[in-house]
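Chain lettering (A, B, C, D, E and F) follows the sequence in which the chains are written, and residue indices restart at 1 in each chain.
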Amino acid sequence: MTAFAIVLLAIAAAGFLFRLLRGPSLSDRVVGIDGLQSVVVIAIIVSAARSDSGITVETVLVAVLVGFVATTALSRFIERRGN
Amino acid sequence: MFFLLVLHLVVGIGITAGGRALGRQAFLVAAIAPLATVVWAASKASSVLDDRPVTDSFAWVEQLGISIDLRLDAFALVMVALVSGIGLLICVYSLGYFSHDQPGQARLAGILTLFAGSMLGVVLSDHLIALFIFWELTSITSFLLIGNGDTNARARAAAMQAIFITGAGGLAMLAGLIIIGQAGGTYRISELVLDPPSGGAVNAGLVLVLIGAFTKSAQAPFSSWLPAAMVAPTPVSAYLHSATMVKAGVYLVARLAPMFAMTGSWRTLVLVVGATTMLVGGLRALRQHDLKLLLAYGTVSQLGFMMLLFGAGEYHIAEAGIVLILAHGAFKAALFMVVGIIDHETGTRDIRELHGFGSATGWRVVKVVTVVSAASMAGLPPLFGFIAKEKALDGYLEHGDFAGGTAALVVIVLASILTFAYSARFVLGVLGVFGEPNREVMSVGAHSPSVLFAGPAVVLSIATVLFGLAPVLVDGVIEAATITLFPGSEPKPVELFAGFNTALLLSMVIIGCGVGLTLLRRPVADVQSRASAGLRAVPSTEQGYLAVLRSISVVATRVTATVQNGSLPIYLAVIVLTVTLVPLAAFASELDELPQFIETPTHVALVAVMIAAGLGACIVRHRIAAALMLGAVGYAMAGLYVAQGAPDLALTQFSIETLSTVLFVLVLRFLPRSWRHHAPAIAAPMRIAVAGAVGVAVFVFALSASNARSDVDEPSMSEVMIENSLPKGKGSNVVNVILVDFRGWDTMGEITVLLVAAIGAVSLARPGRRRDETGAPVFEEILDVGDEPKLPEALR
Amino acid sequence: MSVLLAFAAAFLFATGTYLLLQRRLSRILIGVGLIGHGSNILLLTSGSGRGLAPIIGTADPAAFADPLPQALALTSIVITFGVTAFLLALGYRSWRITHDDVVEDDVEDRFIARRRDRDQLVAEEEIAEREQARDEDRR
Amino acid sequence: MSSFVALPVIVPLLGAALAVLTSPWRWAQRVIALVALSSNVAFSVALLMSVDDGEMLVMQAGGWKVPLGITLIVDRLSAVMLVVSSLVMLSVLVYAIGQGAEESRYAAFNPVYLVLSAGVSASFVTGDLFNLFVAFEMMLVASYVLLTLGGRPGQVRSGMSYVVISLVASTFFIAALALIYSATGTVNMAELSERIPELSPGVRTGFSLLLILVFGIKAGLFPLFFWLPDSYPTAPGAITAVFAGLLTKVGVYAIIRSQTLLFPPDAQQGTFLLVLAGFTMVVGVLGALAQDDLRRMLSFHIVSHIGYMIFGLALFTIAGIAAAVFYVVHHIVVKTALFLVAGLIERRAGSDRLSRIGGLVRSAPMIAVLYALPALSIAGLPPFSGFVGKFALVGSGIESDEWAIVAVSLLVSLLTMYVMVRIWSGVFWGEAEDPAIAAWIESDDSRVPRLMTGAATAVVALTVALMVFAGPLYDYAQRTAADLLAPDRYVEAVIGDNE
Amino acid sequence: MTPSVRLPALVIWLTLVWALLWGDLGLASLLSGLGIAVFVVLVARPTGAHGIQITSFHPASALAFLVYFVVQLVKSNLQVAWEVITPWSNVNRAIVAVPLHVTTDGLATVIGNAITLTPGTLTVEVRSDGPDRPPVLYVHVLHFTDVDSLHRDVLRLERLAVRAFGTKEQRSELDRVVAEWPGRVADDEPDSTSTIEGGAP
Amino acid sequence: MNVVSGIFIVAGSALAMIGGIGAVRFRDLYSRMHAAAKAPTLGLVLVSIGAAIAIDTLLAATTLLLVVILQLLSAPVGAHALSRASRRHTPVALDGPDHLTRDEQANDRPADPA
């Protein structure tokens, strides 16, 4: 089950990675990395579920918390300097 | 004996440091040290001559065998007499030479005293390394003394030349001494004499030692520094560059020749070099107009003479050398003093500007001193110099039956003719014969020298005459000295007239030819200058020195400009290539099998992300975009951490990645989007090649290191850590326990690093409170020059 | 350590190196970041291999991932981050001064390179003096 | 006594923390820093005496036994390094206070300086390879901050190069650590000493080379030294002295330690090190010759002399290593002294460009003497400590029949002397060409603060002391070398302690 | 919420986050979290002037809001899925200005966020015309048909939000607006039949 | 792990995949944002629920709840911040790269700051 989920997530990661690499604007890349981050977070939760380990979940908490900060900072940058 | 050295040191430093108030009286104070030495040496003379040398020793670095062993034997006694006796006279002479108080005199007096101490150390040392130590000290003090008139660029250049050449020789010599010492098992000369080592290494060592001795004693081809050193004040020239320091090389040769003259190429080398030096020096002396340079080249020639005498390693010949050392010390110092007097009173040393000095008593005395000393130099009887020459000729005639002995004799005769000629030239020059009418006349009516000024030269002349007439006065010392050098030898007595022999005949020939050469001086000069013009293509030693200096300079600039090109990318390329490629072969040799290719499909996905984003980071042009690629790699890393069972790491990775991104954005937002074009320091294909090499290397490292794990039986540290985490660390999260407890010391350091980095970053990035006219904050540190003293405009 | 992960580390080292060899601080920083990731992969895989999070009580210790490399990697990540942050501050400062993030060549080194191009000598004074003295001597 | 081992790290760190808290009051910071560093001197001397008398002092940080925790160990080598470094740190601090420049202007100076001291000490006392990395980083990050204190354009430029190169070096160090752990399963040096010989020869050799090069970047070996001459001269005056004297030597220490302790004789890279040493010596001294700026000359010169130390190590004989240890100690003190004097010269003459100034021997004879002593020493002229070091090196080289390196070292010694003499001639002799500068130099002497001169004098006095006590020091170095060549004692001290 | 309620709430929230970050709901981590939270609150002194300010809270209505929100979220995802499978089906993107009726920033934020997570819409910008005037949202619409339906949907969301988190005045104000609005918006229950452009035609 | 949690997890992952595909296939920035802001968010929620069921401890559940709340708060805010920022710097053009048929914001804005 989780293996299947991982495959799905890999496809998702590929999609976002494509966006990150392809651009064309900086905002697009931010969309890409944001998505990538979400996918990694989801993947971590999936692996936590698989390995039954609660500790891994904390990682996710932090990731979600700080990921938002990065997006905001990047947005601020785009706002000031453009794409 | 140490008290003498310490006395010199104390007096020297005392005068240098506090002697300003003394003015020229500093030289009187300075005289204390040589005076004490002379008195002390005199008191020890009888026991020393009885073959009961005085010794003293101080172990400095025992494990290395460096100890300061002093030994006053008969030969040393001769040298001490020379060093301290002339030193004493020079001090007195300086009082006359420096007639006014000038700043810097005390410094000169102090360094002169230090030199005297060092020179004393050289001649008293019974230990090769101790000798070397004092030897180098004389080089240093000589450097300071030559450069005494430091505002004169020529003085500086001459000082540099002297220390460069003698320093180079000194280093060769150091290596040579070490080789000899290691081969002989001791550095103590008095022990080496008993059992001199031999062998290939010792031969090489001896050549090196000889190079050192040659440079110090201004032998060809290292002689160029000595004439250049004549820019020094005359007392210095008289003392260092004629009477004492330049004899250090000769002294060393004298000490070593009895042991090593038969070893390897010693004798050939010494004879060839000595002969060349003697001839070339004489020829060049003959062409000088500057009295001081004339003497300098004369000194070079005489030093070559001494090399010929001591280097042969024959005690009969060496005995002549001892006589020559003494005689030379007396007449050459006196002549230098005369030059100093003339220079000081008339302001010139050019023989074309001298027309005689009138008949003041002082000048008459000077003329007498000149004639007597020059005659001694020329080898006229009944002076001390004559005895030296006579003994030398006799020695080579009777005992020069070794290879090259006859050639040496011929050279001595030829060079002695030259010596006669330049001695005559000196005398005639002082007497005003060369004075040219179209030149400014400096000498006539010059103030006549004071008693103190002329006195020391007179004393030396008296010695020249006295020892010439009554050699028996020094006979005992010289014989004892010879026996010291050659234990068991039976030297002939020193006497003025040894009977009608071949040597006497040769002396007559020399004098006759010398007179002829002097009479024919004009045609000879013409021939010489034509020859010299023809020889211009042949590099002189001076040119050799300059070429060395120049090539050092060119090589230094080229190498530095190439290696240190100032470009960070190139530095980094060299560094990463070195670090990765050098160990590559070693690791690659162990890479015989590959581990499993893929552990889990998850890895494939994560690595794919890393690779794609990594490539993206290289390709994208936008800064932030590249930073985002890095971020993507970071997230993939976080994923990998989780996959490897390292959630704590993933957590950290997320936080750090995000923080980095934020910081990047914070900083990069200021940078212009479009930039001035800079040519890359390294072209892209080259960068790719370097990157590829690094990648391959890391790949190999990683695989062969992990293969190697199977070679080690012991468990890894972490197994113990897992066992102990709960019972001892009181924590179930092993990573946390490691960080907080087991390796808390690391964590303390890590926190410190973070804090310091934060302090640094804040202090760099924080603008000051001041604002400029547009209201923008001013970075105070950039502008703040603080309360440093206001510099003159030129220094900004 | 699998071949794949070794390759990943090597690849990160390579791309990082490629970026390092450029003049812009921003690129260099990204290069350093990549190399850092590469070395962390090496560190992480230096242990006993894949495993479960090493938390006592959650599983059999034999199945644990090696905890020590994790701790070491953590320390190194944090330290590298601190230094990177400082470097960024330097970059900012550089921008304040030059309005760019190019790491310029060292001025003094360029000066020496120019001297080489003009074949100037180091010990000019000494050589000139000695040459002059020699010429006088010759006359 | 073995609990003393951690003090040279902990005391400065505590001091740093206090100094941060007291940052509004400079006098308080000064008192703290001086007390911390003075007590460091005291601890270090105590450690040295205790270690020289008997056993190595081992402390397991936090009481965690091997292999749980981090081993801190002081043997003869560490002890002497601690003593010299603490002395140098203390005197330079006094000098910096006297200078009234960066130290007075920036509150960050004292704390960061103390961290630097802690980092240096930590590098010397650690018995754990990873902890060595952390210690390096403590030292380096402090050095970054100190180097760029003031943020002037030159500092920022060279600071970037310096930080980037150090960062890359650190990353490679981490990679090397990873590989070593991967192969052996430990990072404790004593355990490594036992396990590395079990590895296959290629891997052993590879690790040996890798560590030499990684540490070589910090030590400033050819061809890894480029960062050094570009960055050191831009640091604030007093700081350059510490950098020049100490930081590279920490790299040298790491090379000596790792080569002798970790690797069996067949993996020790004697020949390779000799080649590196030769190039390092030559290129460094040529670099120094090509410069006009006093501090740059001296900085290049550091590189050259690192070659000497490596030369001694590369022989892997007692005589060679003893010479290297002696040379390290000598060089730390003497180089620091030279840089401090260079600071005096700059303050007195307003510039440190040889082509612009001159004649200081008349206007500032005291500085001339202060320069002459260490300069003669570093040029290897007798009877100064540099001569003893050179003698020991050349002697051991000849003993081992390494003629090429002996020849190179002597040639370099000559060029070194030439450099020192050129500085002397340029700074102290002659006179400034520009009359304004000449007048400035002639004018009164009061602008060099007494405390600066005093501190410089103290370090110069230390160089003289090295000469006087060269005998005992060399004895000590020889005992150290014997220890280093027999790592069993070290391993026994660390691991035996466990039972 | 008055500060006397808000600050303790903040402390509790921070303590909880702290404890969860430590991955430990034990006494030690709760206590230390409490300490840190109190410290943070005392040091930071959040006055609420610039922060998001929720002025009131009604659990029942909030639940209604949540249910509506979740349903919308699911729906919006289905929509995106559909879009992904059949792209370019209805290329009619637009940015529409939607005036709000509430004046507090906090509510505007909640509404704006909810809009982003509801089908076919994405808040692009919030324009604030002054402290006392309601802000205007600019909404990016994937399938634009007409302005009115969009306004209506937002109003529905706004009303739910105000009922959940608004003050009494705000609620009555909203009721008034809704009453004035032509058409059916007053339904409390989410109505799947009259939403905005669900799916593709 | 039971079937229920498995279904949740697969569903969530599928949503994430849909977001990823959307990020590739949508032709303009805002549409891509629609995809990126919504799909992974719900995906995360679903996976969290699945994981909470699977792990079945109070701590994990609480943490995951917190994760969900934070994600629900932050995703739209991030998307909003990003879209606003892009909007300010993108030249207004109907039928331009953003494929807009109507842009009321352009009318309300006096001038384009870019």
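By definition in this document, a residue touches a chain if its C-beta (ideal position, glycine included) is under 8 Å from a C-beta of that chain, and two chains touch if they have at least 3 such contacts.
The structure displayed is predicted, hence computed values, not measured ones.
Steps from chain C to chain F, minimised over paths through touching chains, total 2. If you take chain A and chain C together, the chains in touch with both are B. Taking each chain's centre as the mean of its C-alpha atoms, the one that lies farthest from the centre of chain B is E. Here B-D and A-B were compared by C-beta pairs in contact; the pair with more is B-D.
Most remote chain with respect to chain D, judged by CA-atom centres, is E.
Once the centre of each chain is set as its mean CA position, chain D and chain E turn out to be 62 Å apart. Distance between chain centres (mean CA atoms), chain A to chain E: 23 Å. Note on chain placement: the centre of chain B and the centre of chain E lie 84 Å apart, centres being C-alpha means. One simple way to say how far apart two chains are is to compare their mean CA positions; for chain B and chain F this gives 76 Å.
Residues of chain F found to touch two or more other chains are 18-19, 21-22, 33, 41, 59, 63, 66, 75, 77, 83-84. Shared contact sites, meaning residues of chain A that touch two or more other chains, fall at 6, 9, 13-14, 30, 32, 48, 52-58, 61-62, 67, 74, 76-77, 81-82.
Contacts with at least two other chains are made by residues 130, 134, 137, 141, 144-145, 148, 151, 153, 160-161, 164, 168, 172, 175, 178-179, 181-182, 187, 230, 289-291, 422, 425 of chain D.
If you check the complex, the residues on chain D that touch chain C are 130, 133-134, 137, 140-141, 144-145, 148, 151, 153-154, 156-161, 163-164, 166-168, 170-172, 174-175, 177-179, 181-182, 187, 230, 233, 289-291, 293, 296, 422, 425.
Within the complex formed with chain A, the chain C residues making contact are 52-53, 55, 58. Those residues of chain A that touch chain B in the shared complex are 3, 6, 9-10, 13-14, 17, 20-21, 23, 26, 29-30, 32-33, 36-37, 40, 43-44, 47-48, 53, 55-56, 58-59, 62-63, 66-67, 69-70, 73-74, 76-77, 80-82.
Chain A contributes residues 1-2, 4-6, 8-9, 11-16, 18-19, 25, 27-28, 30-32, 34-35, 38-39, 41-42, 45-46, 48-50, 52-54, 57-58, 60-61, 64-65, 67-68, 71-72, 74-79, 81-83 to its touches with chain F in the complex.
Residues 16-17, 20, 23-25, 73-74, 76-77, 80-81, 83-84, 87-88, 91-97, 109, 112-117, 120, 122-127, 136, 138, 140, 142, 144 of chain E touch chain F in their complex.
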